[in-house]
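Read through the structures below before going on.
Each of the next two complexes has subunit A plus one more chain, namely subunit B in the first and subunit C in the second.
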Partner chain A sequence: MIQYILRRLLGAVPTLLLVSVVVFLLAHLAPGDPVVRMLGGFATSAEIEKARSEMGFDRPLAVQYVAWLERAVQGDLGRSINSNLPVIEMIADRLPRTASLAVIALAVSIALGVPLGILAAVRQNTIWDQAAMCVSLIGLSIPDFVAGLLLVILFSVELRLLPSIGYSPLNEGLWPWMSHLILPAVSLGILMAAVTARMTRSSMLDVMRQDYVLTARSKGLGEVKVVGLHVLKSAMIPIITVIGINCGAVFRGAVVIETLFAIPGIGRLMISGIEFRDYPVIQGVLLVVVTLYVLINLAVDLLYAWLDPRIRYA
Partner chain B sequence: MTTPAEASPLIAVSNLKIQFGRGGSLVRAVDGVSFTVARGETLGIVGESGSGKSVTARAILRLVQTPPGRYAGGEILFEGEDLLTKSEAGMRAIRGNRISMIFQEPMTSLTPVLTVGYQIAESLRLHQKLSASEARKTAVALLQRVRIADAERRVDEYPHQLSGGMRQRAMIAMALACRPKLLVADEPTTALDVTIQAQVLALLAELRTELGMSIILITHNFGVVAEVADRVAVMYAGAVVETAPTAQIFRDPRHPYTKGLLGCIPRLEGNARRLNAIKGSIPAPGGLPTGCRFHPRCPSAMPICAAQDPPEIEITPGHMTKCWLDSQPAAEVAP
Partner chain C sequence: MKAMLRHLRSNRLALVGAIILLAVVLIAIFVPLLTSGDPNRIAMQLKNRLPSFDHPFGTDQFGRDLFLRVALGSRLSLMIALAISTVALVVGTLFGIVAGYAGGWVDAVLSRIMDSLMAFPSILLALGIMAMLGASTENVIVALSLVYIPRMARVARAPVLAQKELDYVDAARSCGASHMRVLFRHILPNIVSSLIVQVTVIFAYAMVAEATLGFLGIGVPPPAPTWGNLLADGRRTLMTIPYQTVFPAIALGITVLGINFFGDGLRDLLDPRMRGSGTAAVE
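Let's look at the complex of A and B:
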């Protein structure tokens, strides 16, 4: 198992390098000159050239890349062109907010999706199944910001139970933190819950057709043991895959949801970075998010191996 | 030789009917099956694929899924109790404990994500209330008993780490963990290669004597029957068409279907040929012919065969067949 983990960790290195190249090029090949932008419309071309060479933009791309990567590996992602703050600090500041949102949204999606899928599979072709699949279809078809607006109207405006915008750090109390995140996390989690429910159902149904389920029943095991252990554990791989994919999707969704709920997280940092052509910020955010994504995928793969001995011993 | 008329059979299935679907697409998968198994006896059930053997086997443990299936009639008396009317909890107490089952595909019959030892221990913990460590110890002993080498290590392995033959042995160990009275073996050797087949059959025969249990051995291979069964029931299209002691059925097969099957015994030691010497194929259980269900394929069919289902008649004690060829002329003119 240790060997497997090391092998997978090493395997992630080329992926991360490739990602770093793409992230680097993305910002540099995009139209719009950041130096011009930063100096404003009144700078002379001499001034622009001077600033350009100060920032190293006149050197060959490959050289710029290596220098950039060296610094990035040491945690130096440069300074924001716009605010002149170190990018790494800006990210460190915002990441916990987005991470809180993501974790709760994922938790919501799992807590809703998995039981719903199990119910639908166990009661296949009954009213329970149809109701569960109908609910999940609604979840699939409502865009997250619409869900967010509806939730705000109901819980903030009408019932006045939860705040509609803003963020409160965890160290200022559990409930303020939670109460600010519930609505955004649920809006973000609905779609993922729907996807999880559908995958759980189909994966469970797939397994329930297998011979070994009949074997388990022929031993005299009750339904709880048969479904909860033999079926669910065997059906876990596709479910974990979808949850892993959701982990990635949650960052994408965060861009919209953070804007809607005025949560100053990574998503909003990214948007403002793009608005101002703030290369270091764009690169920094992308690099961090994609690295996280790769690490999550790695964790998912390790989870596979833990769940399924056929992968572990392959 | 035991006869079905013996005083108290361990299990007596009578007129069992199991159907799938309804209305126009009604499938009579099992259509009035009757047989008995005495204590300590091995009954072979033989028939082509699709004749309803597996559904009958599942019905004994009441594991036919309903829906789509439906128990449409009959009785399964096991030690005097009708299994078809028992509560679900009552059936769970019997499954894996007093009646066990093993299946055709050793590759797919064990849960892939649980260790072999855990799966064996599961029945012991459930039915004999053993602790986890006692159950594990017993599981090791059981694996040794079915001659799995290095049982101490194998017990913690997953099914995919075992060969097909070893998995089937592990299945047997699992099924016999609680010393059942009856083992239902549904084509237990069909998926194995011939040398392993013989070993597994020998092991079953040995364990039967040791535990004093009865076996219902389902197969489409008369060679397997010759090897281990005391008595044979031949099934065709959802019904038993002939029953006899094994020696008797080889010596004097009466039903044309039995004769057809015997005409193409796949040798155990040779290549396992499919039964295909009989012309035509088994009717879809949805569209059973009128009269005798075998008559469209029967080389000796007479006019009456298409008109009326033949009654069951006894040739010699314990040898029954359902065929007009053996019926009294009086039956032919009966209304």
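Let's look at the complex of A and C:
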């Protein structure tokens, strides 16, 4: 197992290196002079030249990349052009908010998706199954921000039950924190719940066709025990993968949902970075998010291998 | 085609999807042709009108007819999604089958590049590219094509790996067929069904992604009435005049639903092994 973990960790290194090249190039291949773009139209040519050499833009691209990567690996992502704060601190500041959103959204997706999938599988080819799959297909088709807009209209505008925007930190009370996150998390969780439901159904069905399930049934075990003890346990493996994929979807959704609900998380940071052409911020967020994303996927793969030893030797 | 029609009749969801798609395409083609109004004309005296006979969806905060804007939005959104999925299909397939067929270092290099692009959550890659290129319709197409090319390439590469080991490839080679001929005339037709299934999925994603970029204000620049832009406009009046958001939201939701219903049916028809597993990926 340890050998497998090491092999997978090493395998992630080239991917992350290439990712860093892409992130680096995004700011440097943009049409026009990056320094002029960052300083805006009012800078004098002397200011531009000074900034250029300060930021190292006068050196060859490869040298700049290596220097940038060296600093980034040590946690120095540069300073925001707009606020002059270190980018790494800005990200660290906002990450807990995005993480709060992510955790609740994942909880929503599991709470809705897994039971729906089990229902569909246990009652395969009945009206229950068809209804569950139809609902999940609808869930798959409604973009998260559209679901969010409709939820705001219903719960904030019409029923006035929940706040429509903003964020309240956990240390200022549980309910304010929850109430600000329910609508964003549900909007984000619906799509993930739909995927989870479909995956739960198909992996349950796969397992239910296995001989040992037949054996369990022929021993006279009740349906609840067969499903609960035997099927669900083996079916959990692919379900966990989907939950891992959903962790990635959280980042996708975070950008859009944080914008919609004005939650000051890293997604929002990225968007304001783009609005102000704040390239260190854009690069920093991309680098951190993609690294997290790769690591989460890796952790899911490792969990998967731990649950199902056959994978390690494949 | 006949088999497809027969299948459509037996698969009710796919039929519903096909009808929805057809309706959206007809609206996209004919409504802008048959009406004379300019969807971008500002008429402040008409602003924020409720839905009525003259304005079936009401008017927005600048007095523009929302029905006309949603209808024209369907045309823009469909055309942009079509452009993106076409580029992804052609370029992605080319990369995928060449990587799979050539193997060796060609495969290693191409696959690594594709992997590193796929390591980004799709919307973040699109945002990064848009930040670099600036907001315009062409750049939306470029950015989202780059996002979906690797996803297409991956689907094209895998079956080529299996196909190239089969006897018919050796047979064709020994008859003197060139690698190009083997790849494009013999192998490609055998993998085309999985490509079609994937490109419908990408079409739906592209539509959502384009709307997302518009909603974030980093897509097709306003006043072009793409559905994403309409939703961004609607958000400003969400608390006071929610129906300005409801109509474009429903238009986008129903269209994507139609594509997914249709795509699901198409997959059952073309790729029966996948029947019922029904997991479109999240990205």
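The rule is short, and it goes like this: the second predicted complex is superposed on the first by the 299 of 314 C-alpha atoms of A that agree within 3 Å, B and C clash if a C-alpha of one lies under 4 Å from a C-alpha of the other, contacts with A are read in each partner's own complex, and residues count from 1 in each chain.
In this text, contacts are C-beta pairs under 8 Å (C-beta built on N, C-alpha and C of every residue); 3 or more make two chains touch, one makes a residue touch a chain.
It should be emphasised that the depicted structure is a prediction, and the values quoted were computed from it without experimental measurement.
When the shared chain is aligned, no partner comes close enough to touch A:Ile239: not subunit B, not subunit C. In the superposition on chain A, A:Met270 makes contact with subunit C only, while subunit B stays out of contact range. Using the contact criterion defined above for the overlaid structures, shared-chain residue A:Leu188 touches neither subunit B nor subunit C, since it reaches no partner. Comparing subunit B with subunit C, more residues of subunit A are touched by C. Of the two partner chains placed around the shared chain by superposition, subunit B is the only one that A:Leu221 touches, whereas subunit C remains out of contact. In the superposed model, A:Leu149 lies in contact with subunit C only, and not with subunit B.
By the document's definition of touching, of the two partners only subunit B reaches A:Pro309; subunit C does not. Contacts of A:Val255 after superposition on the shared chain: subunit C is touched, whereas subunit B is not. Residue contacts after overlaying the shared chain place A:Met204 against neither subunit B nor subunit C. Across the interface of their complex, subunit A is touched by residues 58, 61, 63, 92-97, 100-101, 103, 105, 108-115, 122-123, 126-127, 158, 160-161, 171, 174-175 of subunit B.
Residue ranges of subunit A in contact with subunit B, taken from their complex: 210-212, 214-222, 225, 229-230, 233-234, 236, 307-310, 313. Of all residues in subunit C, those touching subunit A in their complex are 13, 112-113, 115-117, 119-124, 127-134, 204, 208, 211-212, 215-218, 231, 234-235, 238-239, 242, 245-246, 249, 252-253, 256-257, 259-261, 264, 276-283.
Across the complex, subunit C is touched by residues 14-16, 18-19, 21-23, 26-27, 29-31, 133-134, 137-138, 140-143, 145-146, 149-150, 152-153, 156-158, 164, 191-192, 195, 198-199, 201-202, 205, 242, 245-246, 248-249, 251-252, 255-256, 259-260, 270-271, 273-275, 277, 279, 282, 285-286, 289-290, 293-294 of subunit A.
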